[in-house]
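Have a look at these structures, which come just after this line.
What follows is chain A paired twice: with chain B in the first complex and chain C in the second.
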Partner chain A sequence: MADHSPAPRRLLKAFLLSLPMILLMAMMVTGGQPLPKDLLRLISLAVTYVFIVVMFFLMVYTGRTHRYRSVLFVVYAVCFVMTFIPNLIETRGSMSISRAEMIQGHTPFCHMVIPTTLIPAALSRTIIFPGSMLEGFAPIGFMLVLWLGVSIALGRAWCSWGCFYGGLDEGFSKIGRRPILKNVPRKWTYLPFAVLVAVALLSAATLTPMYCAWLCPFKTVTEFEAVTSATTLVQAGIFVSLFAALVVVLPLLTKRRTQCGLFCPMGAFQSFTNLFNIFDVRIDGTKCVQCGRCEKACPTFSIDRETIENGRTRMTCTKCGRCVDDCPKGAISYHIKGTPIGVRAQTARMIFIYPAFLLLGIMGSRMIAAAVYRVLLLVTTGSLIK
Partner chain B sequence: MFRIRSYLAYSWAFMATLLVLVTFMHMETLTGRLVACTGLHVHPVYTGGEVTQTIDHPQHRTIVHRPVFDGLIGQRQTGFVQIEWRPKDANLPDLIDEQIDFDQDGKADLRIQRDASTDGVRLDPMDSRVRSVGEVIKVGNGRVVRVNLSNGPN
Partner chain C sequence: MVFTNGFMLGIANGGTCLATCAPVLVPYLLGEGRTPRANVVSLGGFLGGRLVGYMLFAVLAWLTHSLLFEDLPHQRGVFGAATIVLALVMIVYGFAGGDHTCRGTALCGIRARLLRARPFWVPVGLGLLTGVNVCPPFLLALVSSARLSELGQSLLFFAGFFVGTSVCLAPLPVVGLAGRRERIKTIGRLATGVVGLFYLYSGVVSLIAEWH
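Right, the complex of A and B next:
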């Protein structure tokens, strides 16, 4: 919903509303540390900071959530890949992880593994992953705390504001103007739940993180077990094919986030956190004209005729704001459970985007600053690797 | 009543910003507390289990872990014992030949040999539970060997 007050007043209002974020991001981007002495690092930090606060200011000033979230989210995912791969090559010499590193607990843990570790964690207080609880890069405990905090605060908004992979299929879904594959049968949207149940049970039975070992498409752009046997070769074939299909081709054809909406077991698992989370997205039946634009736009297939009639999204909603931005009648809004629907919608939106953007800004700033640094390194030394 | 509910809802929603900030600002403390409170640890299938013996040799150190049979619930029929050879200086000796008593009952359970010229590991079971050499992994200049075991009385 656009603010129709005069431009200078709108600017001032947007600035004042953005000011706490501008200050918080200044603190979070530097991590509370003194500014770096290395000029390249200083420049990359400054560029990142300006980019992030400008995105937030525009979000507040224009009243559009998805447009600017999406830019930052895609840049964050690309920068994650740009940072992660050179880091691996610097420290390990390759993208593949050896058995020696796995046995020493050097495998970085990511949130995608969490659902597959829960049954053994509950039954035997053990984590079935070749990582470390507290030490090294991306230890298990770190990701568990991050996931817990964000899930309580934001529910499945994690998938559109925190996940460092989601921006990849979102990025590909933005290429091209119109979808070629328009209708995805609703039954396919239950697939992530089936994958979740299958990988959770199989992982518990075999004490192996099955999704991570066999299915995760993002290993293509991060790290994977060194191909040393027929098994690891088959695994590599599977994850590369899934990446090509779910992260590249299908998003291009459907203009939706197909990995997130049709396959990801972490996304399915995260949907349950929406049930207790305070924020949701609601559709005001008195304003809705049933144009169906939200249904076509929703990247994760979380809106259909039935949900529109019920005035809410499905539990798989990632609170990306796409439907809120696209609704021509302003019938869809962020909502705080327990408050009246459609009343003080802008207040609810601001209260939601603050924690959500903080998550994206903090996570994104680290990746973006590191990626900008790599680019500057490439320009000045001719190599991405130090 | 509705008003009170609204106030509570807005208060809880405001707390979300605080929660995200606290999560990031106190990450290390929270992580340490989570791990300490829950007792969560990496499954011994990955770590090799707790170290039970460290045997010093002139050129290397032998580290023996406890036998691992841990399943999801209870113990599994098969498992392994992890033995590590770590050089004290640059490399492991040309020939390692030692007897390991992994259950510490005073009787050797297996004899294990490594010949540097072939980098091969040979196993002589001295206990009915010892089955075969599993993985041999090069870690730095040392080696980690997993000897497959069956779970049962010796």
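Right, the complex of A and C next:
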């Protein structure tokens, strides 16, 4: 709901509400370390800090969540790619990784692997991922603890506030004014759960992380196994095709996050954390005029006629705030379970966006600072690589 | 004694057997979403089909006088073809759903007719096709049975092995109970199709390897 108080008072209120985040982000961006002496690094940190803090301030001042989250989320994803690829080329000389390097544990562990490793870990007490855990449990431990903490605190908000891949299809979904493909059959919105069931069972049967080995579209912009055989060629072909279809073409045509809403098994798995998480998005039936704008806008297909009638979203909701921003009657709001719907909605929103933005800020600040540094490096030296 | 040996080997390898069969059977049971009794019947059909597949190999190996499995001619081609048939059954079952979103009316017709006329034979077929695709526990049993000189003893050993491995599959009908909700049915059917796509790739790779 819009704040109608005079502008100076609104500004002061927004500043005071943002102040804790402004201070927290100062610490997060610098990592609690003294400022770097290298001018390029100093500039990249300053730019990152100002950008993140301004996004949060605008979020508080305007009362619009999705608009500014989306900008930061897309920038974060692009910066992740801009940082990751040059990093690989610096350390390895290529985006591809050999089988020998994989066995030696040089594959970074990312959260997408979590659902496919659980069943084999329970059955065979083996983590079927040739990643960094071979050099020690710190990287996998960090990712698992981070994921668990965020899941308990925020549920599937991870997918719109933490995942460093989600911003890519969100970015493409923002290009163009109107969707060309308007109706996606409801049946296909269950596909992520089917992919989850299939990859979990096949991972247990073959003792390989099936999603990483065969289905991850983001291998196209991160790293992939070197093409040395027909199998690795097919795998590379699948990665590129899925990336083109799910992250680029379908988001352009539908203006939705099709990788996140129609395919990602991690997202499906993450949906279950919405069941025990305290935050949800609710629709106030007394204000709703059944215009259907939220249904059309939801990037992950989490609202339909049935859910509107029930006054809630589907369990796949990523709490991105799009429907909250778009509802012309202010009928949709962030909500804390156990409290009345639509009452103190702004308080519930602030209680949600503080931890959610902190996650995005912490995860994003490092990537954005590193990417800005690469750009400055490009401008000053003519190369992204040191 | 021969039966007991097979049984013990089956029990010991039950976990692996479960992991091998679950990708085929679990999505099917979820997709059908029937009563526990019907799920048990489906499981029985699947296991029966698997047993027939096992016995076919045992008899084939005995007939060709080569109890060692590696001696069977064109084995990769046979497995590849069987895997492709299995994959096609799963893909038709999984993606050619009988709802309004389906555009492949011909495929939908096949699926609908199959399920309406011969519902019991779908899990039997899946079991048979799974049975004629070797998995690690099956190879282990085959090598163990190679020491037995008579066909009867070999079949008895396989029967024991089959019963032992089947114990670990017994809880699966309970998993199928989740499929009584319409959404879970949809997920189960789609998952069958996704697993089918993987098997299709595996089968094609096996066939290509046989030709080269």
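Criterion: the second predicted complex is superposed on the first by the 379 of 386 C-alpha atoms of A that agree within 3 Å, B and C clash if a C-alpha of one lies under 4 Å from a C-alpha of the other, contacts with A are read in each partner's own complex, and residues count from 1 in each chain.
The rule is short, and it goes like this: a contact is a pair of C-beta atoms (placed from the backbone, for glycine too) under 8 Å apart; a residue touches a chain by one contact, two chains touch by 3 or more.
These figures come from a predicted structure and were not determined experimentally.
After superposition on chain A, the partners chain B and chain C are seen to fit next to each other with no clash.
In the superposition on chain A, no contact is made by A:305 with either chain B or chain C. Of the two partner chains, chain C is the only one that A:234 touches; chain B does not reach it.
One of chain B and chain C touches more residues of chain A, and that partner is B.
In the superposition on chain A, no contact is made by A:329 with either chain B or chain C.
In the superposed model, A:204 makes contact with both chain B and chain C.
Once the two complexes are overlaid on the shared chain, A:352 sits against chain B while remaining clear of chain C.
Of the two partner chains placed around the shared chain by superposition, chain B is the only one that A:142 touches, whereas chain C remains out of contact. With both structures placed on the common chain, the touch criterion links A:28 to chain B but leaves chain C unconnected. Geometry note, superposition on chain A: angle between chain B and chain C about the Cα centre of chain A is 50 degrees, to the nearest 10. No C-alpha atom of chain B lies closer than 5 Å to any C-alpha atom of chain C in the overlay.
Put simply, chain A uses residues 123-124, 204-205 to touch chain B in one complex and chain C in the other.
Residues 5-6, 8-10, 12-17, 19-25, 27, 30-32, 34-35, 38-48, 70-73, 135, 137-140, 144 of chain B are the ones that touch chain A when the two sit in their complex. Note for the complex: chain A touches chain B at residues 24, 28, 32, 99-100, 102-105, 119-121, 123-134, 139-142, 144-146, 148-150, 152-154, 204-205, 207, 278-279, 336-340, 348, 351-352, 354-355, 358-359, 362.
The touching residues of chain A, when paired with chain C in their complex, are 123-124, 185-188, 190-191, 193-195, 197-199, 201-202, 204-205, 210, 214, 230-231, 234. Chain C contributes residues 15, 19-20, 22-23, 26-27, 30, 97, 99-101, 183, 186-191, 193-195, 198, 201, 205, 208 to its touches with chain A in the complex.
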